[in-house]
Amino acid sequence: MDILRVESSLVCTRRIDGLQKTSLRVLANARGKRMVAVDPVGARPGNWVFVVEGSAARYAAGDFSVLTDLTIGGIIDYWDTEQADTSGAPKQKVG
Amino acid sequence: MDILRVESSLVCTRRIDGLQKTSLRVLANARGKRMVAVDPVGARPGNWVFVVEGSAARYAAGDFSVLTDLTIGGIIDYWDTEQADTSGAPKQKVG
Amino acid sequence: MDILRVESSLVCTRRIDGLQKTSLRVLANARGKRMVAVDPVGARPGNWVFVVEGSAARYAAGDFSVLTDLTIGGIIDYWDTEQADTSGAPKQKVG
Amino acid sequence: MDILRVESSLVCTRRIDGLQKTSLRVLANARGKRMVAVDPVGARPGNWVFVVEGSAARYAAGDFSVLTDLTIGGIIDYWDTEQADTSGAPKQKVG
Amino acid sequence: MDILRVESSLVCTRRIDGLQKTSLRVLANARGKRMVAVDPVGARPGNWVFVVEGSAARYAAGDFSVLTDLTIGGIIDYWDTEQADTSGAPKQKVG
């Protein structure tokens, strides 16, 4: 499960019915690449989260019929890193 | 779900039956890499869209029997970015 | 669905039974990376094709029991590009 | 199955119910990119492990209903490398 | 299906039950990145092989209940390349 940072909400008036009424967020990885994910946990801009990909993303959205391939799985509080950090991801405390 | 830009329609006379009568679009990511996706929403060249990958792409195409692994999920109107942009993707308003 | 160029046929005497009697092709992307795909459409070396990945690749091979994760989905005739091309992929006419 | 190194445990108070009571680890690949995985084998920081991706990750977590896309599959003891190593991964003995 | 080279066998005493009694190999791609795959065909170090990813990898391992996401699909004998090679992969004859 990749580690990404929430940037903002996505405004998207024309979308497939299969996404239903899900909230969409724009996320970015440590290198600045942006992606769109369904958010069932209520993450805010600036939160670091991990995301579930593939068919598990549909179950993670709360309903297998939601047609997503990327869903936020949890908001990261912190982790303890035991070596130097070079990736730009959160080191100790996040939030 | 990745964020891509629609470039053009794809002309492809010999293709597998499993793609049925779907419309195919050539999309490009922020770094110029091109891909082919099924378009159920009617995107036009220049639109920024997000795409659904994997098995969800088949449902997103409107029929699970459509043999695609990439389907346009929605046309992006805009999002609010809270930090400098370095990826070449749309910043505020798209379309 | 990625865009790749057919390079050659693959000779492979010892392979899993699950690939059955499918034709295998060596393909390369715009950056020279090579992959192996099942070819149900009869592509020739030099053709630009798009490929179907994941579980859809098995259906695309004509039989779900074919154990491939990459199958040629169609031979590209051409597309109209509306901006400068930097990737090495076909611009206008292919074939 | 990718080869990764365990860095630490992940503290994450708000997460989807589908991850149940699984232990989450932060892993890093040879280039420093971090990911989150479910750990059913009891790996410790510093261990080199290989991980199972995709739908197999859910079965590997011990229960298909665990909504992960990445699960530790085993702790690597060692392997015999027969050529120069340039990737930063373990060469001979690990642990 | 990616093209990889077999480096060695993997010694791994603690692993998930779902891998059963399969043989594991360490493979490397043309850029030196290493991965672990189940080997149902009996490949030896130095062989170039192609691998099956995703859910097909489980069937390819001979039993859908084997929890792998990467399985060797065949040993490559050779292929005919029609242009200059820059990737480090085998050009004509392999073995």
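Letters A, B, C, D and E mark the chains in the order given here, with residues in each chain numbered from 1 onward.
In this section, a residue touches a chain if its C-beta (ideal position, glycine included) is under 8 Å from a C-beta of that chain, and two chains touch if they have at least 3 such contacts.
Predicted model only: the values in this text are computed from it and were never measured.
Trainee: Need the graph distance between chain B and chain D over the touch network, please.
Mentor: Counted as steps through touching chains, the separation is 2.
Trainee: Quick check: how many Å separate the C-alpha centres of chain C and chain E?
Mentor: Distance between chain centres, rounded to whole Å: 20 Å.
Trainee: Report the inter-chain centroid distance for chain A and chain C in whole angstrom, where each centroid is the mean of the CA atoms.
Mentor: 32
Trainee: Touching at least two other chains at once: which residues of chain A meet that condition?
Mentor: In chain A, residues 53-55, 57 touch at least two other chains, as defined above.
Trainee: Chain adjacency by touch: line, ring, star, complete or other shape?
Mentor: Chain contacts: single closed ring, each chain with exactly two partners.
Trainee: What order results when the ring of chains is traversed from chain A, passing next through chain D?
Mentor: Chains encountered around the ring, chain A first and chain D next: A, D, E, C, B.
Trainee: Quick one: which bits of chain C touch chain B in the complex? Just the residue numbers, please.
Mentor: So the residues of chain C in touch with chain B come to 1-3, 30, 40-42, 50, 52-57, 59-60, 71-83, 86-87, 89.
Trainee: Note which residues of chain B are touching chain C in the complex, please.
Mentor: Residue list for chain B touching chain C: 7-16, 18-19, 24, 26, 32-37, 45-46, 54-55, 57-58, 65, 67-70.
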